[in-house]
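Written out below as structure tokens is the structure these notes cover.
Lettered A, B, C, D, E and F in written order, each chain numbered from 1.
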Amino acid sequence: MLDPMQRWRQYGEKPDYAGPLTFGGVPCTQDPAELAGFDVAIVGAPMDELVSDRPGARFAPRAIRTASCPPGPHLEAKVDAFSELRIVDYGDAAVVPAQPLVSHAAIEDTVREVVDAGLMPLIIGGDHSITAPDARAVAAKHGPLGLVHFDTHTDTGEGVFGAILSHGTVMRTIVDEGVIDPRRYVQIGLRGYWPGEPEFSWQAEQGITSLFMHDVRDRGIRDVIAQTIEVVGAGPVFLTVDIDVLDPAFIPGGTGTPEPGGMTTVELLWAARTVAAGLDVVGADLVEVIPTDVGSADPAVLAAERVVREILTGVAMRKR
Amino acid sequence: MLDPMQRWRQYGEKPDYAGPLTFGGVPCTQDPAELAGFDVAIVGAPMDELVSDRPGARFAPRAIRTASCPPGPHLEAKVDAFSELRIVDYGDAAVVPAQPLVSHAAIEDTVREVVDAGLMPLIIGGDHSITAPDARAVAAKHGPLGLVHFDTHTDTGEGVFGAILSHGTVMRTIVDEGVIDPRRYVQIGLRGYWPGEPEFSWQAEQGITSLFMHDVRDRGIRDVIAQTIEVVGAGPVFLTVDIDVLDPAFIPGGTGTPEPGGMTTVELLWAARTVAAGLDVVGADLVEVIPTDVGSADPAVLAAERVVREILTGVAMRKR
Amino acid sequence: MLDPMQRWRQYGEKPDYAGPLTFGGVPCTQDPAELAGFDVAIVGAPMDELVSDRPGARFAPRAIRTASCPPGPHLEAKVDAFSELRIVDYGDAAVVPAQPLVSHAAIEDTVREVVDAGLMPLIIGGDHSITAPDARAVAAKHGPLGLVHFDTHTDTGEGVFGAILSHGTVMRTIVDEGVIDPRRYVQIGLRGYWPGEPEFSWQAEQGITSLFMHDVRDRGIRDVIAQTIEVVGAGPVFLTVDIDVLDPAFIPGGTGTPEPGGMTTVELLWAARTVAAGLDVVGADLVEVIPTDVGSADPAVLAAERVVREILTGVAMRKR
Amino acid sequence: MLDPMQRWRQYGEKPDYAGPLTFGGVPCTQDPAELAGFDVAIVGAPMDELVSDRPGARFAPRAIRTASCPPGPHLEAKVDAFSELRIVDYGDAAVVPAQPLVSHAAIEDTVREVVDAGLMPLIIGGDHSITAPDARAVAAKHGPLGLVHFDTHTDTGEGVFGAILSHGTVMRTIVDEGVIDPRRYVQIGLRGYWPGEPEFSWQAEQGITSLFMHDVRDRGIRDVIAQTIEVVGAGPVFLTVDIDVLDPAFIPGGTGTPEPGGMTTVELLWAARTVAAGLDVVGADLVEVIPTDVGSADPAVLAAERVVREILTGVAMRKR
Amino acid sequence: MLDPMQRWRQYGEKPDYAGPLTFGGVPCTQDPAELAGFDVAIVGAPMDELVSDRPGARFAPRAIRTASCPPGPHLEAKVDAFSELRIVDYGDAAVVPAQPLVSHAAIEDTVREVVDAGLMPLIIGGDHSITAPDARAVAAKHGPLGLVHFDTHTDTGEGVFGAILSHGTVMRTIVDEGVIDPRRYVQIGLRGYWPGEPEFSWQAEQGITSLFMHDVRDRGIRDVIAQTIEVVGAGPVFLTVDIDVLDPAFIPGGTGTPEPGGMTTVELLWAARTVAAGLDVVGADLVEVIPTDVGSADPAVLAAERVVREILTGVAMRKR
Amino acid sequence: MLDPMQRWRQYGEKPDYAGPLTFGGVPCTQDPAELAGFDVAIVGAPMDELVSDRPGARFAPRAIRTASCPPGPHLEAKVDAFSELRIVDYGDAAVVPAQPLVSHAAIEDTVREVVDAGLMPLIIGGDHSITAPDARAVAAKHGPLGLVHFDTHTDTGEGVFGAILSHGTVMRTIVDEGVIDPRRYVQIGLRGYWPGEPEFSWQAEQGITSLFMHDVRDRGIRDVIAQTIEVVGAGPVFLTVDIDVLDPAFIPGGTGTPEPGGMTTVELLWAARTVAAGLDVVGADLVEVIPTDVGSADPAVLAAERVVREILTGVAMRKR
């Protein structure tokens, strides 16, 4: 197993810009037999063929790994996820260009290997369509899942330009498949001009809970998250974060369908950690990041890396 | 009349990046005879020769059209402006480079065609000097106007480097001309280090109301807008938004005289819509955007596009 | 028919940054009935779902139109293509996101409308896969075509990651379909590390002529183009230019699979014009441009626009 | 003494982009004899050899001068620092590349010249290691100093990769040296994942006060600054602002170790001014800015310039 | 007189990024009385109000100074212009925003001060319209001037959008005024699609020599420059370099009307030096640079700085 | 040993943007025992603390790996280096920030492990100072080395700002140490304004051969390389390529001390391969690349990756 820390062991840390590239500098393997003994696996899903507007999320898994800083104690939560949890970087699923169904199958296989080995998968996309294979693989073990879904958009379109396979239809697909229990499904941060009445009617029929950005603005993020945790309740949960829930100021150029008037990182980082600490999160993903700058300087990539880290911190808090 | 939706009619929507370029994908004409039957006309005013610092706003009208997403219901206001209102893109006024007076005349002519046809003009600049021809053309029909003015700067200089014709003098000019009624004129978001005592004295004599960024910070945007609506009151109003009222974080590189410590988009989008819904707005413009990135990824351009859309939404709310 | 020059008629020219967006400021229609009387139609094909590396070419048609300067006489060739030829902008084909076969069909339909109306189509991609629908529509009228193909890569892979539908297989596909006559097919500018022996063997069997970048370096572009014209000879020809034939210096960040060590614009502009003037070019496309900057400042977009213009100039020279 | 205003005297102002480059357009000298009669000297310290991640702060002093706007009254504080205080630009210390100790000595010498002449030094870095020579030179005159320290990180590491000389150890160094009185030392804005228990234990032993970003989030900036002023109390104070205390949204790409979830400019600008007005600040620096864009359009550089200006405004308020 | 080298004297050099900002680190004055004893004065002319397309050249004088490296011997010419010539930075002319005629007058005044003091002026623009005040001031002393003009465009339009005052008309203006002797006027590097027959007819009547980019391509730069020197011959000469004569690859995003298919820096640097060494150049300017990146990394700014330096080297060669 | 191809074996290739990050997708190890059986090891040396101007080369090793395309036959040389040679990625040396001597020692140790295992090291910097530890480790096995040195600068300063340890003194250091035999040392591509007479005198005394950029311009690259191969002759050779030998057009923003008027990639790629094929190159490095853009789109990073690949191709040609 390749260990990025190997050559810097004497220092107890490694320069962010040196050594093999893994998330947070954790060891890396592509062999399922080596997953034993770990708690969480980071998996990359670099595909973006199913977007409806700006592509580029295929570059996010590498960029987010590049932006990751060393382990250390969370200064607010007082817990170091990298000490509490044994975390491994399981590389990228075997996606291929221009064949989204092949890529979805590869992602589902890789996540299933993680789940079967008893680890929690944390997948870095990729466009939001990957939540379908992600959640399917997790539900195959845990049964129907609650869903906490941070996003500008509901992604519950019946079709996008007549196509079922899209980053804009994925949530309807996995609800229809029974992977997600809609009564335990909460959307947070909705705003803008999509979708319309038909989608919201379908959502209402299903019993999905929608919390809008104006709820965050008017009621505060603490109240919104408290309601989320209450609605989802006990039982296994999938947590999916579309980075476009943040205001474009926090992710300049860094997502495919940005929508002004969104969350701040102060809100999202707290919320992601609190959800992960307060619910039985058995799988998670972070999607729709488009890297635009080199290394650790890109605000969107940085924000995404920290969201992943807050989820890990929340899981560590819950474990403790 | 060129209709961008024509080839995508079967889908009910059009990819943002395809088809003829108009605001929101609405039909486009340059013929005043075809304005009949519409409610609102979008007009571009691509000139920036009268700035005092960084030029580039001449590229904004095209960039803002490029960043526009398809019509749809506003998720908070529950109204689709593109359904309530018949909106047309009337192209750009016949500006010419390096001759700002010629450009001003062309802008005034084009806006007047819109007003004469009974439509509300919504002009996309361009530097802030265009508010002179914009407001003159509107006042020619509606008489002296109230003015709601979102901006970092008052733009009421007596001269800038000795020149009367400048983006920093325009508000004094149109007050002096009687186009604007100063007692129904409210400035929102002022901050920084300009102007000085002489300008504020003149403003006080005129009865202009100045609401600073520290008012927004300390009293909240709701209170500030409530006061605005009360001061302006009944009667025709022009609404002008200088994008630099936003903090540079929301418009990185995207305006000519950025000033840290400004509004968030959460504040401005709500405020623009609320003003448009609460007052008799008969004309509006959005100015001082400098595009820096391609397509729909530029935060400043996106924010500007959404401000235009919030104004349209407010107008639609009022109409309903 | 929308005419961008309409409001600037008195000046005989239009600012590049103002007015409706069409190629070179020519009139625009989406109605096949209005094609009559024109010689050449510009068609956009904004799709990039079939790339194997970096996406983004979907944004090229709008960007290339934005970068186009006004008509005028070519200072070397002494001919103004916009005077000699009647050119129309026929908008974009009705592509849809994430469904490349649907987009291919839409492109083929639109190009066929142009060909059926008796015009030469000049298509702006888009990834290189669009040459399939482009050439099919042209061959449907003119029969098997010669092909002049400027590119770093042969695009004659048997499959890319097992897929036949790819920007890396398109030339094999249209040779296999009989759309292209391989003995009249010349590739210019090949370099780098792809493809391998199997592809070159297949090419040799077909009788395809490969001219490498080291041929350009050692023999000079004039000699290479002379051979090209001789090999292709009489009969209808399709001309396809992949912008990555240029060195990355001339297209920084501006294509999906850039390869150092390529052509200069001095070479390519002359070559494209000379081919168009010396052969019976009945259709052409320009592909694989990824815009990275706003407006007319992006070198790749500018180079692409000028390649289109050189093709038009060559066609005008031949007509004259 | 070179006076940038000289050629524009008749206008009472100077275009931001023209004339010799000094902070705020104030006069510039490099001669200690000419310091007499001034109150405050701006000093550049362009070095970044002691960073642990991204370099580039060596370019900040020039960039921040470039971004400075003309003097004028602070619209909230109603005081013009450039009228109340006589401010001079004392150029850059004689730093040299790749020799940080030589540069530190040069910085200390230059700041000492300023202090010896009776002026308050305001140093623009450079990486945070410059606070060592800055504070030493000030303490040489004023004795042990209180310290107000805005930052994401405590910079109190015992070593960074085994090295004592680092931007991550500087605060421990100057506390150990007796330059700073730890009981009068307040840190504001801490967050993220560094440092760990050993550093916080050492800090607690010293009596250092740590106020975290979650304190700002939960208690509000006013409360946090009130506590700061109370803890530091009477006596000479050094004020150091690491720009990374701001959220990356406000400084995109603009610092070496950005950390999401930080302050807004609305908070920091008010806080910096309030500290400067409320305490006996005898020296200050602003560090860790990495310029990424030309001129006055870079949000990080702009924010940094305004922080300097707020400090000047606070000092002017206190003087008055 | 402010001397950037002052604090670094012991090293014999200064870091490029430190110290007061002047061209090449030479001393700076704004006082005409201090010009005595110098041979050449660098003057900035930061205005761009007269462009017809992309503005931004107002930022070039500072950017070009920022990109300047220390003095040293030219490795090919074996002469150090900074040793042979006494060079001073005379700051920027007192341009003002939005008032091009006022700025032209200020530029002419400043250049006249230089000429009157017996120095050769080397002006850094700014848009190409500044060649009018530049050449007028020089001709006022030396009489009608020869002109060597590197450019893509002739800049001899009779009007641009009906205006005489434009960067596209300047050469016609100064020929008409008798400032330039058209029979001693050579244009080098023309290409693209402008101007048309009327302008070339006027040029032919005047006896102006036009050398096109295809002359450079086909005959070589040495032959083209030999002809230039022969045509211009003895007598005072003004040398003007529009940076757009370079191919966009060498100036990506770095000029207002870029035209692919241009010169390389290898060609232009040699040519500028050879012209300066071979003719009696009594004044020169370098125009139309738009900075797009910070510091010394912007290719266009770097190329511009080196063109200025090659002119100085040529002048030094001739002097020696 | 981690093998990036593992999950994509069925396809015979891997998407450039997916899988563990190694050079060209070759296997990666950090264990010297696993080097046996390989011919060449890629080693990263991410340090830039010894530059005299712009830092950033610490980010190059990762960026160059990111830009690497899959193995394949060189289309001109008809050899696939990845088939002929067994290549391994040996990770990065254990550099640490802000301590260049510690980093040099780590680099020398890592290269020595490679050399001791019988492999040829190919090191990716980092600033040019790394050639000292690189060449020392190679000479420790092979004895004094010939040196082929592509660069704008000689890097033979006696000191830079009084410091011996610098990227500007490295070549003098290793000549003085006897690591390099100066009579077998050829410099190619020198230009600009540095160094001066003292350095060139010292070089002449040593018998170093300097070939300037004007030699390349006037004699052609083939002639220059022929002379290089003749001068260096038989015996072990180190090959060092400073990417700034290229013209800034080919590396926009991509190096620390760019100098206009340099080589094209067409020249450098051929030259690097020809040197590697024609001499006994036992070690090589590629230095001074500053990444500025994400992924494979940055021209400088791409050019650097291809230079490495050409060296590998040349070595493979020689082996065959």
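Note that a contact is a pair of C-beta atoms (placed from the backbone, for glycine too) under 8 Å apart; a residue touches a chain by one contact, two chains touch by 3 or more.
Only a predicted model underlies this, so the values are computations on that prediction, with no experimental measurement involved.
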Any chain that touches subunit E and subunit A: B, C, D, F
Every chain in contact with both subunit D and subunit F is listed here as A, E
Decide which interface, C-E or A-C, involves more C-beta pairs in contact, and give its chain pair. C-E
CA centroids of subunit B and subunit C: separation to the nearest Å works out as 39
What is the distance, in whole Å, between the centres of subunit E and subunit F, each centre taken as the mean of its C-alpha atoms? 38
Set of subunit E residues in contact with two or more other chains: 11, 15, 17, 52-53, 58, 96-97, 161-162, 247, 249, 252, 292-293, 295, 298
Are the chains arranged, by touching, as a line, ring, star, complete graph, or other? other
According to the definition already given, which pairs of chains are in contact? A-B, A-C, A-D, A-F, B-C, B-D, B-E, C-E, C-F, D-E, D-F, E-F
Write out the stretch or stretches of subunit F touching subunit D in their complex. 48-53, 55-56, 58, 96-100, 102, 160-163, 165-166
Mind listing the subunit B positions that touch subunit D in their complex? 52-54, 161-162, 190-197, 212-214, 217, 247-249, 252-253, 257-262, 290, 292
In the complex, go through subunit A and note every residue touching subunit F. 2-3, 6-8, 11, 15, 17-21, 28-30, 44, 46, 58-59, 61-63, 66, 91-97, 106, 291-295, 298
Please name which positions on subunit A make contact with subunit D in the complex. 11, 13, 15-17, 69-76, 80, 247, 249-250, 252, 264-266, 269-270, 293, 295-299, 302-303, 306, 309
